[in-house]
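Structures follow.
In the two complexes that follow, chain A is the common piece, with chain B as its partner first and chain C second.
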Partner chain A sequence: MKTRTLLAVLAATFLTATAHAQTLKVGALATLEGTYTALGEDGMRGLRLALSQANNMAGGREIEIIVAGTDASPDSAVRAARKVVEQDGVELLIGPLSGSEGIALRDYSKTQPHVTFINGISGAQETTFVDPSENFFRFNMDGAQWSAGLGEYIYNVKGYETIATIAEDYSFTYTQVLGLALGYCAAGGEITERIWVPLGTKDFASIIAALPDDVDALYLGLGGGDAVNFLNQYQQAGGDAQLVGGTIMVDGTVLSSKGDAKNALIGVPSSGPQADTWDDPNWQAFVKAYQDEFPPDQRFPSPSLMATGYYNATTAAVSCLNEVGGDLSDGQAAFRSCLSNLVLDAPNGEIKLDGNRQAIGTNFISEVVELEDGTLATQLVKIVPNVNQTLGIDPETFAGFGVPGRDVPECKSSY
Partner chain B sequence: MVRRFARAHPWWSIWIAVATLVLLYLIFAIWPPWLIALLGKKKLFLNSLFNGITLGSLYFLIASGFTLIFGLMRNVNLAHGSLYMLGGYIGYLVGDLTGYWLLAFPAAFVAVGLFGILLQYFVFRRMEGEDIRQTLVTLGISIVLADIMLWMFGGDFYNISPPSWLSGPMDTFFVTGVKRSSGELIYLKYPLVRIAILIASIVIGVGMWLALNRTRIGMLIRAGVDDRDILSASGIRIQLVFVAVFAFGAGLAGMAGVVGGTFQSIAPGEDIRFLLASLVVVIVGGMGSIPGAALGAVIIGIAEQFGSVYFPTYAVVVTFLIMVLVLAFRPRGLLGRN
Partner chain C sequence: MADPAANGNTDSGGSRIGRVPAGYWLAGAFLLVVPSFASNFVMYQIFGWSFILGMISLSLMFLAGYGGMFSLAQMTVAGLAGYVVAICGTSAITDISQNWPWYINIPAALLIAAIFATIVGWLAVRTEGIYTIMITLAVASAFFYFTRQNYVLFNGFSGFNGIFPPQLFGVDWRNPIAFYYLALFWAVFWYLAVLYVSRSPMGLALQGIRDNPRRMAALGFDVTLHRVAAYTFAAFPAAIGGILLTWQSAQISPGTAGIGPVIDILVIAVIGGLRHPIGPFVGAFVYVILKSFSIDILVALGMAGERFQLLIGLGFLAIVFWSPDGLLGLWAKLRDLNRRDPLIGRLVRRL
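Moving on, here comes the complex of A and B:
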């Protein structure tokens, strides 16, 4: 008996040793705890889908994924990144998911120049706009780019002349409101009040009572459990204002939550990097691949933007690893130069990177509809092509607005 | 009792009387302009106050079980938040399957109560008197339970829908202002389901107080809190009392899960949040005291709600500030015994 155990141990050691010589270790960071758990899980689905389409191989090497969970806080992201980089020795890291985590990882990536960081789906502007890091690549647009065109749409088409915003108090939603304000205020709209609530707020009752009732619409920049709780309590309080959704407010993670709260979102306009029912063949193929890959009770009806984001990041990494034949020597120089020049034919439109390694891509204005099977989805209203990080504004003027914040930028009709 | 308190603490009595009068004025009077300039709209104030009390009633449901278990068994049950979450999921399933929201409450109470019995019988009974070991084991159980629930229910957000007769707002008799044009009084609208929850927790709280102070089992529990060893030496089967109290406390946490799932939502991570909330409540109110749990819950609930409206940036700090103050001046909690 003892000998057999010993043999097994020896065999196992041998197997892992040979496996180590060939596999490529890739770290994956996502919010698998806290208010953004559902989002992180779907991000991981996107990553696994991309890997399974590549047969788990890239550049002739087998990929070994090491997952580390975070809770949307910057320090949890750094802790998780340190674990996979410094303990597990990954050569490539995909993640994180949430805005402030991205900023923290940008700073951490500077201390680990031998590792390449590809952003998961985090969307704070600062991550790539202020003090960018040489080895941090982002194949998704930031929160302001995801707002491109929404302000004009709700002012010109919906006719909302005044709005108030209520959003979580952190970098990603600041960036979203910045993108909204630039378009909306330039079109002639007025933002009368901006209310910021801590990330992870569960009881919104008093905040709902404090909402202004003299505006045409309310912009909701909430996500995950916060969004569900807000909608639930908003209905209980008898709220009936017109709503405008931020990108993760109308994402699949909220639209497929259990219970009636989500129904308040039907008809709500919003914008982001995808529209669930877009009829583009490339997108439809992606949706089908997602649906085929995971059983219905372990996924959303269609991929959320987290899944799309992680899918794109992973696909970009895999295609560049294939191009350089898995060669990560010389400080990953060839691999990184491939990433910088890659034009990614993503399901949600073509994506290329700018000089800060930040995505230039397509934005989608959409409205929430109820599908025949009773599920909710976003339906395409308008496509805004070629959105860059400065939203078409001259970079110097754009930088002059300052880092997005609670009162930045001011709401002015011209800048 | 009131007279005795007034005689013993004349200054305290005056302060309490003045504060009550001011509060009554703030609630019932039509606010003059200077007061609105100072505190904002009355609607906001009243809403925050009532929301604080209803949120406090949810905290009370969880914390009362927590404090009872601690008081009797000296077991700091760090899995209490997991029991809350388990109750929420069970409540959602039962409400969804049967279509009766009210049925979710007894179902969650019984199911989580039974689970509590299993925990007490198979785990905690074996390590009685070893406080640290029990606490660490409860921490381990909470981690395991959280992962099992994540596996079974996924990371989705579960929101238990109240029946239609409880959804939406209702008119109350509190005046929030006067219409400028017609001079008509404007009355406060308030979510019906929160009022129902408030009433239910008051009934449960009073029921618990009566059970503890007027019944034989309550007498046993109080005696056990004071001196466990003497109680068991006098021939009482203390293990039975322990099991009953643990089951009741767990059941209450389960029922609170249904309440929480109705006016907030159930998702991974909620267990830690409510464990932390009940710890803070119990530390502020006093470990082992039911009235203390009620007082602490209302204070923390009101602080959270006023904080989120009047100084949103620092709202998170307020509860912990209260805890620090209480620990500094009354280390055993507001109603804790010295």
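Moving on, here comes the complex of A and C:
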């Protein structure tokens, strides 16, 4: 009973949220616990790099970052977003990282029309394709766009005529497999089996035992700790099939992991919004800035796509804030219209937004190589420019496939 | 029970209402006026979430504190109720949701949760101590993995989103003020209900069974039946909590009742204290505060925000270390400090 009154005093101390007129409060959401922790931390590095390049100022206002951690579940994303928006009173939110979180935040953003949401790196298709939100902007491509060109490449160049897919069981990887399947099946390939494993799986023994051995290659759509665990156990089980990597399978977070497991990835083709060793000066400058900003033991050898994604989102916000002079009045109208029309000269190629505020950008087909210093990196094989959300397919036909899922889309040579 | 409040009032005279200590009136009045000064976030997330977690934890406190049965399946009962509301009611997953009106789907959720809890109880009462924890944890993780891999009914990893409370009496119950009062009402309701049941013949028999099951059996009480009935009763606060939780975040997915949250409910009950129904609410409040603000505290201290889990863990460790009886125990210790005879070190009654 008296505990209650004591708590009342305690509660009263944090009830009043203070707001400074000068500083601009920006919320940052990333996965700081669970299987995607390493990815979330690198995302935060990308955000900090962009801010430090802008001297922590945008449009004449100092930026105050308020970080909130999630565990990749939609619940935790909405709770974290609610905390920074409703308690800390941020005017702008950058995040989240993971697919299902993005869908949850799109829905939440509709209830907070006065705040602008800029996606971190989450890549579920639904987020901007189905029922998009007016104040939710995404400067990264979705999982299907990141697969653009990979299907054709592995069929035509690598000659894999049949594949099976093993991927995490949630919206982002559904979207990745959709992008793969559209290209691959149209080129003439066949996906014989799609195996879905729960996010955060640690023991892959039963899955490895059930892998089909009559296919030309296995497509792996795993990420973070799951990817490393799978590779370890797959090698121990003596697996030696040809592999094809999903975007986060061959990301810096996996390629820089400890142990030998990652060596199974050498030579593996994959695709995504960046290629580590691309010689474009813009990209090289970004990599150097990343390496200079953080000490070697606190970063990856080269920025992961999480870092790039958060960097791009933050840069977009900063450049538009500069353009409107930090003026966020009138429901942030000027700022949002700037974002919608922005052509972002990003390190990984030019990015512009479509009518759903979804990025149209460049996709990179790459293969994993071992560099001279023994580290692994992705080497560019082919650039696919101007990839839009429907992958160049007529929007109506594309919408007809339905929401990406375990069996969507079917593998057909024409649609 | 060591706490006099849990055993009914020992002092005599006065009406029932007159015997309620002043602290209760103060706390009650404070909670009623919170919306007049608190921000939406504080009402909806801090207090709303505390009440909900408190209710789910209360069902564990009832089983553990009065019945000596540490059931880790209470969050699962809550999750199941949330799932039933999503499946029978309206959600964005139109292929599965049945769109039944609230007066069917809410009773259905309560009923199914109660049946489920009864079955779990019926399985678990045959075990004691650590084995009860293990069997209920097994049920909880089986439920988690089942919902994550079942697509026909539970829609797998993504679960259900777009679940909103019914617009009853023309009120939008997701509005922070309305939701605050809704959660407060049910929290107080179940707090009083648990207090009442604990003093009823059934509750007293349950406490007797906790202390000495063989003697109670010899006295003619059906030990198993009482324990199973306790599980059934405890299902209701958990189920209401689960439904409110689903409405609060407008979604339910396997992670809602995953292993983490299941353990969290135990942690909440333990840090609050298992001796009195107020304990789980105190614990839930502390938990929510730590969960929401520990990252800010770290950043304010100039440390990396990524390590916020460490602070949460240390907070829990400190509470459990200094007071194995939770915050309530700590409070009792402080209160008893000046009532202790300095010579014999025992409690003395001041007249």
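Just so it is clear, the second predicted complex is superposed on the first by the 396 of 415 C-alpha atoms of A that agree within 3 Å, B and C clash if a C-alpha of one lies under 4 Å from a C-alpha of the other, contacts with A are read in each partner's own complex, and residues count from 1 in each chain.
Everything below uses one rule, namely that a residue touches a chain if its C-beta (ideal position, glycine included) is under 8 Å from a C-beta of that chain, and two chains touch if they have at least 3 such contacts.
Worth saying up front: this structure is predicted, and the values here are computed from it rather than measured.
Q: Could you say whether A:104 touches chain B, chain C, both of them, or neither, answering first, second, both or neither?
A: Only chain C; A:104 stays clear of chain B.
Q: Scan A:209 for contacts with chain B and chain C and give back first, second, both or neither.
A: A:209 contacts chain B only, not chain C.
Q: After superposition on the shared chain, which partner residues are touched by A:35: those of chain B (first), chain C (second), both, or neither?
A: The first partner, chain B, only.
Q: In the superposed arrangement, does A:224 touch chain B (first), chain C (second), both or neither?
A: A:224 contacts chain B only, not chain C.
Q: State whether A:259 touches chain B only (first), chain C only (second), both chains, or neither.
A: After superposing on A, A:259 lies in contact with chain B but is clear of chain C.
Q: Look at A:242 in the shared chain and tell me whether it touches chain B only, chain C only, both, or neither; answer first, second, both or neither.
A: Neither partner.
Q: Counting only touches as set out at the top, which of chain B and chain C does A:195 meet: first, second, both, neither?
A: Touch partner of A:195: chain B, not chain C.
Q: Of the two partner chains, chain B (first) and chain C (second), which one does A:232 touch, if any: first, second, both, or neither?
A: The first partner, chain B, only.
Q: When the two structures are overlaid on chain A, which partner does A:69 contact: first (chain B), second (chain C), both, or neither?
A: second
Q: Share the list of chain A residues that count as touching for chain B in one structure and for chain C in the other.
A: Dual-contact residues (chain A): 32-33, 37, 41, 71, 169, 198.
Q: Spell out the residues on chain A that touch chain C in their complex, using ranges where they run on.
A: 1-5, 7-8, 10-11, 14-15, 17, 32-33, 37, 41, 44, 66-69, 71, 73-76, 78-79, 82-83, 85-87, 100, 103-104, 107, 169-171, 198-199, 406
Q: Can you name the residues of chain C that touch chain A in the complex?
A: Residue positions touching the partner: 21, 23-24, 26-27, 30, 37-42, 44-46, 49, 145, 148-149, 151, 156-159, 161-162, 249-251, 253, 255-256, 260, 278, 282, 285, 289, 292-293, 295-296, 299, 305-306, 308-309, 327-328, 331.
Q: In their complex, what parts of chain B are in touch with chain A?
A: 43-44, 47-48, 51-52, 54-55, 92, 96, 150, 154-162, 167-169, 189-194, 263-265, 267-270, 273, 304-306, 308-309, 312-313, 315-316
Q: Any idea which chain A residues touch chain B in the complex?
A: 32-35, 37-38, 40-41, 71, 169, 195-198, 200-203, 205-207, 209-210, 224-225, 228-229, 232-233, 235-238, 254, 256-261, 298
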